[in-house]
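Below you'll find a set of structures to go through.
You will see subunit A twice below: alongside subunit B first, and alongside subunit C after that.
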Partner chain A sequence: MLIEEIKKYVVDADLTSTQKKSLDYFLENGFPTTKDEDWKYTSLKKVLKRKYCLKSSDFELNDEMIQQYSLGVKDKIIFKNGKIYSEPKILGVSIKKMKDLVMPKNSALCYLNEAICENSYEIVFDKNLNLDNPIEILHFINNYNDYFLQLRTKITCGSGSNVKLVERFCNIGNNTLINSCMHADVKRNSFFEISKLQSYNDNTHTIDNTLVDQDRDSTANVHTFSFDGSFIRNNLNFYQNNENCTSNMNGITIIDKSNFVDHHTFVDHKFQNCLSNESYKGVYFDSTKGVFNGKIMVRPDAQKINAFQSNNNLLFSDNASIKTKPQLEIYADDVKCSHGCTIGQIDKKSLFYMRSRGFSEKTAKGLLTFAFLIEVIEKLNAKEIVDYAKTEIAKKLSIEKDLL
Partner chain B sequence: MLEIKNLKAQIEDKTILSGVNLKVNKGEVHAIMGPNGSGKSTLSSVIAGNEDYEVSSGSIKYEGEDLLEMAPEERSHRGVFLSFQYPVEIPGLSVSNFIKTAINEKRKAFGQENISAKELLQLFKEKCELLNIDKEYLSRSLNEGFSGGEKKRNEIFQMAMMEPKLSILDETDSGLDIDALKIVANGVNSLKSSSNSIILITHYQRLLNYIVPDFVHILKDGKIVMSGDKSLALKLEKEGYSFLN
Partner chain C sequence: MKIEPKISEDILLDEVTSKEYEYGFTTNIESEKIEKGLNEDVIKFISKKKNEPDWMLDFRLEAFKVWKEMEEPDWANINYPKPDYQDIVYYCAPKQKNKLNSLDDLDPEMKRTFDRLGISIDEQKRLANVAVDIVMDSVSVATSFKEKLAELGIIFCPISEAIQKYPELVKKYIGTVIPVRDNFFSALNSAVFSDGSFCYIPKGTVCPLELSTYFRINEAGTGQFERTLVIAEEDSCVSYLEGCTAPMRNENQLHAAVVELVALDSAEIKYSTVQNWYPGDKNGKGGVFNFVTKRGICHDNAKISWTQIETGSAVTWKYPSCVLKGKNSIGEFFSVAVTNNFQQADTGTKMVHLGENSKSTIIAKGICAGKSNGSYRGLVKIAKGAKNSRNFSQCDSLLMGDKCGSHTFPYIEVDNKSSQVEHEATTSKIGEDQIFYCNQRGIGTEEAVALIVNGYCKEVLNKLPMEFAVEAKKLLEISLEGSVG
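Moving on to the complex of A and B:
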């Protein structure tokens, strides 16, 4: 059992007192099960059944591998099994390894991460720093054994800064379960954007915890692209800790085979005059399963809030399924809130219309699916990201990218 | 060009076409009229290859080949075009991208290269002028929010871009205002030649003043019950369908 492995592992580990406390919390609660409301449709059982080791081994990384996973942006922060490997030299950007990095937590998995992660980093973007281009964070993962990896990063965006990141986990090795915790501290009047590119190999199981704290007049955008990987659970939380915050979440999920993706999002509107905007679209082939749970909390003092949420899904197979649920808790009265979930299939009439104009069935389905996704694609501003999305979408739909 | 023999078609257990015979030669214009629900759109759907309808007997030969064996896209590649009575809306797909892809899918089927940007632009320009279409509308989503008349004009625009051999216009005139009707009819007339054919489905004689048919057929209860020349449409306009009884 993995719990036993964890207990063995910590015997030799040199834990701080906070880490010990977090460990105790985790051991008391254990991994989430389907008895937990937030994990009702998402069972970790199969993922946890494997025998993982917690110690990492070293491996060679070369430019060719980096190029293969890079979007071609110039500035990259590269990690190897969670350890920093290379960093860009940019004035106003610093990366520090932290011994004791305490971050907000939203599940027992975050406590576990806090307790046993050996490589925690804080990336600081100085105040008023204005990055023209995105920085790419690449995590290369390769281990001799099946591997349970903890990743832990705190991002600090100084006030008035403008920060765009692209994050990608690149598992080139064996079965790996990744438990990643990221905390973004988005200070006053700053802009933070991260695009998460989830194109993993079949050996990769991921739990991605991203918590964003926002101060006054800030904007935070998180774009999540889930295309491959056998198991993906995303926990994405936004905390609006002052007035005039904007939180945008966009998601495109296209999965096949028997892959599984779960998006759990939470926006905590605590102050007035704030906005949240959430748009997730999913396309499910074969015997895939999807879960979407979007929670929006508007606290009593949070007046003049606009909160929009939508989750639209296309099922391409009778064996595919999606559980989608909005969860609104609104305790203020001057609030504009809308949500909508749809589950549908490709429209047969449209398909015939296109085929009668000479489109092959594949092209017609592909373009109709792309048209279904376009609303989200139009919200992406970085051209590298739009290009990545189009490439992956074309691949998934087996059509030429030029058509998009 | 097209030869339909004793065509019977049904959906679920309901028979809609109960033995249609129709022969259309190169260069001819045929009008099909008939009461609501008599099977006109069903006939055009079956010719275009809509798999919702099951052909239980009969045959359709197109340029000497078995049309019923071909997938809808193959029929299109070979020159069959249906202007839909109810064109579908596709939000998120622009008119220009839709038409460009349609042209290229056909070219691909014949092993030809994609149309060049220059050639396409020229073709768009020419056909927009022909049908009095504002070029701005090429970047709009296909049929989304188009008025009834705009949708019909867009169908004929596609027809003009694709230069089919056999065009079936299913009530293209319904929804067009008088000026638009003239423009569209002029467009259709200018695409007409001795090597292509047109089937016009309409309820009104008015369209036939502009596009003059060689033959007029009346479809009733899934069968062609009467055929004649253009004077049949005039008679119908005057007397209604009651004279058939």
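Moving on to the complex of A and C:
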């Protein structure tokens, strides 16, 4: 049904030849189904059943709304239904609207995004730019009808730069399916960090594709916080295109009701002496479903790679389920790669210890769950983000934030 | 003090790769085989040859119908030329004039074959306390210790004989653990299997011997499709071992077996495999395609334990699995998979927890050398009703040489809150510091590698029955002699 809508939409759209090619690819392959290995546990069927429109309508945005969703960071880049609304005035940061923005793709959805996204932007951070504070990227979304939105951003971090970003989608309207593609080009010796704050309302469905290309001596960190949203699929790919790259991925997922979160990560170690670290923690309440698929690839001759991956999950309900697949593909011998994965509950002895010292069951469970997550929180640098994470965690575990 | 010269990596690797397959001889025994190809007539011929009842023929024809509609799967992490299923001989039997009365009547030529294989039947019979059923090409040729087992009510015989003598038992259990439709190769096997072993342990009996089957593909251009069915009644216990070899041939031979285990309440089955099919030469030519379906079902309080040492085959593609249907049932999987030269292995296990308090343990060790690729692929599924279930999985790989690959694909699915699942996997090579430590203490590099590999596999080797642990250890040493990572 949505495919029909897309076909109708492109009739009057002015597509470039590359966009046409991408569209053909998408129409040939269609939306992924559970028959695709990468979507084995994630069905788009329900999400795609709605009647979405592809055209955006305009809406008023005021400071109060921005305040509500902002972390209180000074510099903000604000988008309204994918169109730029305001940008910070920082020397060395420029935002350009692109007509034809070609980016690497990892699924049919990226092709679709390339074909029909109206507003593609490139954010360029100049060489040796050193940002002390993170910049916040806020996407405000509002539409009269149910809306299928394409977001497309390329981030270029010039060599020697130090860039920290916070990204958040704020849907204040009807049912929205967001298909976002972000490509970060992290040049030599630069540092790139992005925190994705995923606390959406119930009528937001997101497919978030993030691809990071890394050059020599660079570091890239992606932190993903999934707290709310009926359907979240994150595709996170790192490509280490030269020696001595470091890639870090961290994730905290705490969901309740009947929400669904799927993390797919992929690290492609193509060159020697690189490092990757991955730590995803999940807490599942009610009838939630979680999926984790972490893939580490070490290409032939990419020696001296250290790759670590861990995925830990707590299940708090018999109706919750978790499917996880930590995957290693290794074609070089002088490497140290490991992955670990656990699924379990709060240790009864620890709980008893805390109860016997006068903590209520709720508080004791909350504190122990927080302790389970702390390994990830300790890896965060920016205090605004730590603060955000703690607030949301406290809310989810229904304990007072001051205890954390 | 003797000082070992440090042997360079290249020389060592050369030695490994030049190591020839020991069991690559053929036996000149007249055999009876039919035309190549597969159609209903072939199936009818096999069934007739075996003097099978009608229900068995119907089972085969049904399976053939299902197989024809199926497509050969290609999701595994292996590359191989797809066999032409019309270019295989589906029935091949060593020609024998009369039915044998005892092992002493066995064809002397064939006897010599088994002697060369290192399983002298006489010796085994007298010394090793092991009952052996030998399947050559497609037909079961010798079964030892039958009487002794019969006294206890234990049935251990070729499955073709079981179909004749114990049709109600075979009919009741065949195809229940691995349905005909399960997969492409199990359907093929169900249609054309020509022999295999059948084992039945009555209620409350502990089998006093290790039961053993030895498989050998001898004839060129034949496929081996054996079918094994092990049934352990309530409170019984059995340990079963299979071994396999094949001659060296330039073409690829197909081996598609089906093994079904049924462990009824409180029964225990231990199934060990030492797989040493011909792996192909060092250029990757020839070798056996080993596409086997193995699965066991555990009823209440039952236990099934799979142990496998995989050193042979050009391509190995198998997942011995346990369906933990009953309460408090236990499934275990211990595996060492060694690949060298151009060998490929995609192996692992499936543990499906359905009963409460079911437990499973998976220990998988992979060793890859040369240009080989080894994969662990496993599924741990804990169903909603399988409360308080427990799984522990560990899969480690050891890489020797910079052209080999090692992969891990664990699937973990948990649907309730009271179960605990742990999975860990590591990939590394033998550390230079470990070798250095051994060298310092006067242990040569080669011995040090053997020592480390041995230690690495110990957890699994310890699970093998005594008689075969020695053989397996030897096999490991042979296939990895001197390779320093």
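We adopt the following convention: the second predicted complex is superposed on the first by the 404 of 404 C-alpha atoms of A that agree within 3 Å, B and C clash if a C-alpha of one lies under 4 Å from a C-alpha of the other, contacts with A are read in each partner's own complex, and residues count from 1 in each chain.
Here is the rule we use: a contact is a pair of C-beta atoms (placed from the backbone, for glycine too) under 8 Å apart; a residue touches a chain by one contact, two chains touch by 3 or more.
Please read all numbers here as calculations on a predicted model, not as lab measurements.
Applying the stated clash criterion after superposition on subunit A shows that subunit B and subunit C can sit side by side. In the superposition on chain A, A:D286 makes contact with neither subunit B nor subunit C. Contacts of A:D334 after superposition: subunit C is touched, whereas subunit B is not reached.
Of the two partner chains placed by the overlay, only subunit C lies in contact with A:S317; subunit B stays clear of it.
Once the two complexes are overlaid on the shared chain, A:D301 sits against subunit C while remaining clear of subunit B. By the touch criterion defined above, A:D36 reaches neither subunit B nor subunit C. By the touch criterion stated above, A:D100 is placed in contact with neither subunit B nor subunit C. Touch criterion met: A:S350 reaches subunit B, while subunit C stays clear of it.
Of the two partners subunit B and subunit C, it is C that touches the larger number of subunit A residues.
Using the contact criterion defined above for the overlaid structures, shared-chain residue A:D58 touches neither subunit B nor subunit C, since it reaches no partner.
Shortest separation of subunit B and subunit C in the overlay equals 15 Å (C-alpha atoms, whole Å). Shared interface residues of subunit A (contacting subunit B in one complex, subunit C in the other): none. Remark: subunit B residues 48-52, 71-73, 75-77, 81-82, 84, 87-88, 90-93, 97-98, 101-103, 105-106, 109, 158, 162 touch subunit A in the complex.
Touching subunit A in their complex are the following residues of subunit C: 75, 384, 397, 399-429, 485.
Residues 347-350, 352-361, 363, 367-368, 370-375, 403 of subunit A touch subunit B in their complex. Contact residues of subunit A toward subunit C in the complex are 37, 300-301, 303, 313, 315-318, 320-345.
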